[in-house]
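The chains carry the letters A, B, C and D, assigned in the order they are written, with residues numbered from 1 in each.
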Amino acid sequence: MIIVMEKGHTEAQLDSVKGTIERLGYKPHCIYGVERVVVGAVGHEDKTPLQALELMPGVEAVIPILKPWKLVGREIKPEPSIIDVDGVRIGGAEIVVIAGPCSVESQEQILETARAVRASGAKILRGGAFKPRTSPYAFQGLQVTGLKYLDKAREETGLKIITEIVCENDLDLICEYVDMIQIGARNCQNFSLLKKVGQTRIPVLLKRGMATTIKEFLMAAEYIMSQGNYQVVLCERGIRTFEDSTRFTLDLNAVPVLKELTHLPVIVDPSHGTGNWKYVTPMGRAAIAAGADGLIVEVHPNPLEAYSDGPQSLKPAKFDIFMQEMRKIARVMERAL
Amino acid sequence: MIIVMEKGHTEAQLDSVKGTIERLGYKPHCIYGVERVVVGAVGHEDKTPLQALELMPGVEAVIPILKPWKLVGREIKPEPSIIDVDGVRIGGAEIVVIAGPCSVESQEQILETARAVRASGAKILRGGAFKPRTSPYAFQGLQVTGLKYLDKAREETGLKIITEIVCENDLDLICEYVDMIQIGARNCQNFSLLKKVGQTRIPVLLKRGMATTIKEFLMAAEYIMSQGNYQVVLCERGIRTFEDSTRFTLDLNAVPVLKELTHLPVIVDPSHGTGNWKYVTPMGRAAIAAGADGLIVEVHPNPLEAYSDGPQSLKPAKFDIFMQEMRKIARVMERAL
Amino acid sequence: MIIVMEKGHTEAQLDSVKGTIERLGYKPHCIYGVERVVVGAVGHEDKTPLQALELMPGVEAVIPILKPWKLVGREIKPEPSIIDVDGVRIGGAEIVVIAGPCSVESQEQILETARAVRASGAKILRGGAFKPRTSPYAFQGLQVTGLKYLDKAREETGLKIITEIVCENDLDLICEYVDMIQIGARNCQNFSLLKKVGQTRIPVLLKRGMATTIKEFLMAAEYIMSQGNYQVVLCERGIRTFEDSTRFTLDLNAVPVLKELTHLPVIVDPSHGTGNWKYVTPMGRAAIAAGADGLIVEVHPNPLEAYSDGPQSLKPAKFDIFMQEMRKIARVMERAL
Amino acid sequence: MIIVMEKGHTEAQLDSVKGTIERLGYKPHCIYGVERVVVGAVGHEDKTPLQALELMPGVEAVIPILKPWKLVGREIKPEPSIIDVDGVRIGGAEIVVIAGPCSVESQEQILETARAVRASGAKILRGGAFKPRTSPYAFQGLQVTGLKYLDKAREETGLKIITEIVCENDLDLICEYVDMIQIGARNCQNFSLLKKVGQTRIPVLLKRGMATTIKEFLMAAEYIMSQGNYQVVLCERGIRTFEDSTRFTLDLNAVPVLKELTHLPVIVDPSHGTGNWKYVTPMGRAAIAAGADGLIVEVHPNPLEAYSDGPQSLKPAKFDIFMQEMRKIARVMERAL
C-alpha cells in the first residue's frame, strides 16, 4: 500500500499514520517528494486491510499496489491452463465451439439442434434447463426433464453437454447429467454459488457479469479455485453501457487483457454480446482474432418460435456457414477448429 | 406490440407478418404511414412472445407497448404500500433510518453501535452476518454467531434488525432471528433466491443491482411478489458508471421514477452510493429531498479498524449530527423522523 | 509518480528504470516491499511525463500521485469563489436560479417567460440563440435575433441573461449582449473554445460533458482559468449511463465531490439531468440539499409547442410552485433564495 | 410517431390528443388494443416534432418510428461508399492502414516514422499538429510547423497525410497541407465544426465521441453530409464504460451495426480503443475480422519519450509485425492489404 499525505499535513499527522501502520503489522517507509510525502507500508498484505487509513487526518489517498488474486494469476502459473471437458480440451491448440438453444424445449428440438451443430463442428452442446429470466411470468425451463433430453442428445451425438445452474441446491442433480456447468452473468458474483461449485471438480464456464470489472471477474474465478476446483473457463459475454443499438457491448478488449493476467482459457459469447443473429458471425470472427480460445453460440431450429432469445439465435444452416467463417480465422491464428 | 415494416418491404412480407401474428393468437391492425407501415398486434400479451418477429424478412423493428410488471405497478394499486417491520412502518409519513456496521464483528461492537444509533433516532439496526465479499480471502462474516449478537442487540435496544442473505439455504435460520431480510446488489437478479424469499412473509429490503435498469429492478421485486410476499422495500444504492471519484454513482433520479411507477417504498443507501463517509450526509439529505422513504447508513464505532467498508462508515458522533441534518430536510418534506 | 516493478523483475531492469528516471530529471527512491519493489520519482512533475515508463521491461504499473490541476483546486485557494454576474453573486450565501426556455423562439415567448420567472424569483434568464442540435435538420436557433430578444427581456425585467456559445467566432457578438456565457456539455472538452473564452473576462457557466469524469471536468475549467478568466461556475447536468428511464443520470455525488476539490461554485441542471418535467422538482430539491449553489431550469410558456426540449420544460405556473419548494430546502441549508 | 395512451385515459383525453395531432399537421389513426389504445400519427415527420405530446394528460409514451437520418443511411444509398483520399480508396476491396505518431514532434521524428510505416504498408500518415489535451499545461502541438513537417514527409514518402482539426478557424490552413482531416472524439458533436468541415470537399475521418451512441454518431456524419461534403469515413475508437483495465472499451459491435445502417466506410482505432500497445495487435486483428475497412494506429520511433500517448504507441519494428498479422486476417476477409 502507498499512503499519500495531503499537501499541508502536520508532522503529528504523519507520525500518527506511521504509528498506525506499525500497529497494524507493517513497516512504514517515507518518500519526501517535492509536493507530497508518500508512505509505503511494507509487509504481507493479507494482514489487516489498510484502505481505511484514508480516514486519518492528513491522508489524501491510499493506493493498493498488489493484485488481489493468487491462483488465477500468471504470476503463480505462467503457462496456459487447459480445461478438459471429458476429452474436449479448452485452452489448447483447438478453438472449441459450444452451441445450442437458449432453452431446452423438447426432445426433438434438442436432438435436431445437436445433430446439426455436431455436423458443423461444435464439440459441446448448450441448452438451458433452468432459466434465469427477467420476468417471473416467462418460461422458467423444463428442469430435470430438460437435463434428460440433453443427456439423450449426448448419447446420440457424442457431444459433451453444458447447462446453467441458477440455484446451488440443483448442483448435485445437474452434476449427474452434464459435463460442464455454466454460471451465468447474473450469478457471476453469487459468492455462495461460486464456493459451492468450487467444492466439486466439474469444469465450470464462468460468465462475466454485465457490470463486473475484469478484476472482479478474476476474483470470482478465484472464489471457485480457492475451494479446490481449478477447472474454470472464463467467458466474456458483453457489458452494460449506454449504447442501445445492441443488447450489450461485447468487450473484446477483455480477451487480450485476461490472456495477459490469467492462465485460464477465455471464450466469447457473440450471441448475448450483441443480441442480434446478424452480428453473431462478424463478432465471432473478431473474438477468435482477438485471441479467444472458443465461442459459445445460440442455435435454434426455429428461432421465430423459440421460447427465449429467438432474435439472437442462428438457424442450423446459418450456423454451418458461421462455422466455415470461424474456421478460416482459426487457421490464421494457427489453431484447429 | 407494434411491428414496424422496412421501407421497401413487399406485400408478401407484410402478409406473412400478418399471418404469423394471427397464428400466434393476436389480431393484426395496420397503419399505412407516409414512410412506414406499422402493424399493431392486438391481444393479451402473455401469449407467445412476439419479439422474435424481428427475425422476419421485411421487419425493421418490434416495439413493446406494455410494461412487463403487474403486482409492483401503480396501475394495479395506485396508493402507496406501507411495509410493516414489526411495528416500524416504511413508506408512510415517517422517514425510517436503518443504521449499523457493514459486518457484525463482536458482541461489544454491535451493542455499542446499536445503543448509539438508537439514541440518535434510527429504528432498525443493520449488520452483516453473512458477507458477500469480492475476495474469497476477505472476512466472510460471523454467520450464526453474528445473528445471535444482533438478536442480543435487539433485545437490549428494542431496535428491529436486518441482515443480508447470500444463500437461500440460510433462509430459515436467518428468518428465526431477524425482522427484515436484505437482498444485496449482487443478488438482485438471483431469481432463485428471489423466489425463495417470496415464499416467506418476512419484509424484504431489495437492493438495486449495480447494472440493473429500473425496469429490471421492478421485475426483481415482481419475482418476490409473484410468490405471495408483498412486503418489499426497494433500495437505490448506486450504479456502475465511468466516474471513478466515487465508489458508485448514486442514481437519485431513480427515486422519483420509482415513486411514479410503483407503490412500493423506496429508500436510499448513501454509504455504498458514494463509498466515502464525507459524502454520506449531503447525499442522505439529497435522497430525502428527492422523495425517499428512508435511508440505510453504515455506522461503526471505529471505522479505521472495521473489517469491511471502513472508509464509508460514520462514527456514532458523526451519525448523530447526520441525523440532525436529516431531520431538518424531513421536516420540509412534511415527514416525521 | 510511483513506479511499481513486476514481481520477477531483474536487477538490470530496476537499474534501467532508475537511470531513466534520473535522465528525465527526477530522483529515484526505492521501497523494497515483501512482494513488490516500488520506485518513487521525486521532482517537479511538470517535467517530461513519466507515464510512458510503463513501457519499460520489468515495470508493472506507473501510478500518478499529484492532482493535475492548479488554479481550480482548494489547495491554492481554500475559500469558496463567488462569481459576480453583474451583481448576481453565485457561490455565496444565496442560491441562484437561472431559468428560461431551451430556445429563444420569439420576442413574446422570451418576454412572457422572463416576466414569469422573475416574478417567481429567478435571477438570470436563460435562452438559446445558437442551438447545438443532434440533427442538422432541427431548429438551429434565431442567432443574433435571439440575442436581441434576450437583451430586450433584460431591459424590461432587469434579469441578467445567459446564452450558450457553440462556435468561438460568435464570442465577440455574444459578449456584447449577455452577462454570462454557457459552454454546453458537448463542448466541455472543446479546448479551443475553452481557451478563447478564457481570454475574455465574462462569467462562464461550464457544463459537464456527458462522459466527462470529474477530474476531466476540473481540467476543462483549468483551461479557462489558465488563460486568465477566473469567473467560472461548474454545472452538473447528467452523465451517460445504461439507465434509460431518464434522459441522463444526474450525478449528484458530483456536488459534494466538486465542493471538496474546488473553490468554484457548483450548480445543477435538473431539466437535462432527468429529461422529464415531472422529475425536475424532486431533483432540484435534491441538488440544493446536496449542497449546490444554484440551479438552471427550463421554463416555457407552452411546452407542448416548444421548438426543443418541451418534455422537460416547466410551465410558468409550475415553475412558481417549483420555486416555493426550492425555497424551503434553501432555508434548511441556511441559504437565501 | 406512435402515441401510447395510459390505461385509464378518458375519452376527452384521447380526443384532445387526436385534435392536437391534426392541428400539428398529421392524421391520427387509432388501434384499440386489449390493454392499451395507441395512436399512430401519419404524415411527414419533418413537421413540428411530436415528442412533446408526452406532456398531454392521458399519454403514457411517445415512440418515434423513423430513423432520424437521411444521407448517411443505406435506404437512400444501398451500395457502399468509397472515399478517395487522393488516390487511396477507403471502403473498397482494400484495407487501408493509417499510421503515425500521436503528435508531430520534429522533422526527424515524423520522417523516420513515415519511412517506416510506408515500408510496412501503411498508406496514410497520421500526426497531430494541433493537439486536444486534457491539461492546458500539456504539449499543445507544433501547429503550422507540424503541418510543414508532415508535408515534407508526404513529399519524401508519397504517403497521404491526415491531421486533426481542433478549431474551425484553422480549417483553411490545414486544408492547404493535408489530404484528409480528422475530427476527434471530443469534437464529434461540435456541430459548428461539423458544418464548417461539411462546406469543404476534403475527406473527413470522423471519430466517435466517447459517449456518443451509434445513432448520434450517424447524425454527426449527417451534419457534414448535409452541407454537401460526402467524403466521410467513420472511426470507432472506444467508448467510456466502467471498465478501467483499458483506457476505453473498444466497441467492435459498432462495426457490423454501422455497416448495416450506413454506406459510409468504417475504420477502427485500436490504439486509443485500448490505451496499451500490447493490445493493439489483437484488437487490430479483431477489427478487421469484424468487417472494418481500415485501421488507424499510433506508431512512434521512441514511445518512451513521446510527448503524448507513448504507452499505446508501437515502435516501427513492432508495427511491421503488426502489419503482417493484419495482412493474414485481411486475406481471410478477401481484402487486399
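Keep in mind that, in the parts below, a residue touches a chain if its C-beta (ideal position, glycine included) is under 8 Å from a C-beta of that chain, and two chains touch if they have at least 3 such contacts.
It should be emphasised that the depicted structure is a prediction, and the values quoted were computed from it without experimental measurement.
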Pair exhibiting more inter-chain C-beta contacts, B-D or A-D:
A-D
Which one of the chains is farthest from subunit D, going by Cα centres?
B
Averaged-CA centre spacing for the pair subunit D and subunit A, given as whole angstrom
30
I'd like the Å distance between the centres of subunit A and subunit B, where a centre is the mean of that chain's Cα atoms.
25
Chain-centre distance (mean CA atoms) for subunit B and subunit D, in whole Å, is 38
Could you check subunit B for residues that touch two or more other chains and list them?
211, 239-242, 244
Partner subunit A, residues of subunit B touching it in the complex:
20, 46, 48-49, 51-56, 68, 70, 132-138, 166-169, 186-187, 189-193, 195, 209-211, 216, 219, 222-223, 226-227, 239-240, 277, 303-306, 310-311
Could you list, by residue number, the parts of subunit D that touch subunit A in their complex?
211, 213-215, 239, 241-246, 249-257, 260, 273-274, 278-279, 282-283, 285-291, 328-329, 331-332
Of subunit D, residues touching subunit B in the complex
2, 4, 7-8, 29, 31-36, 38, 40, 42-45, 63, 65-66, 75, 240-242, 244
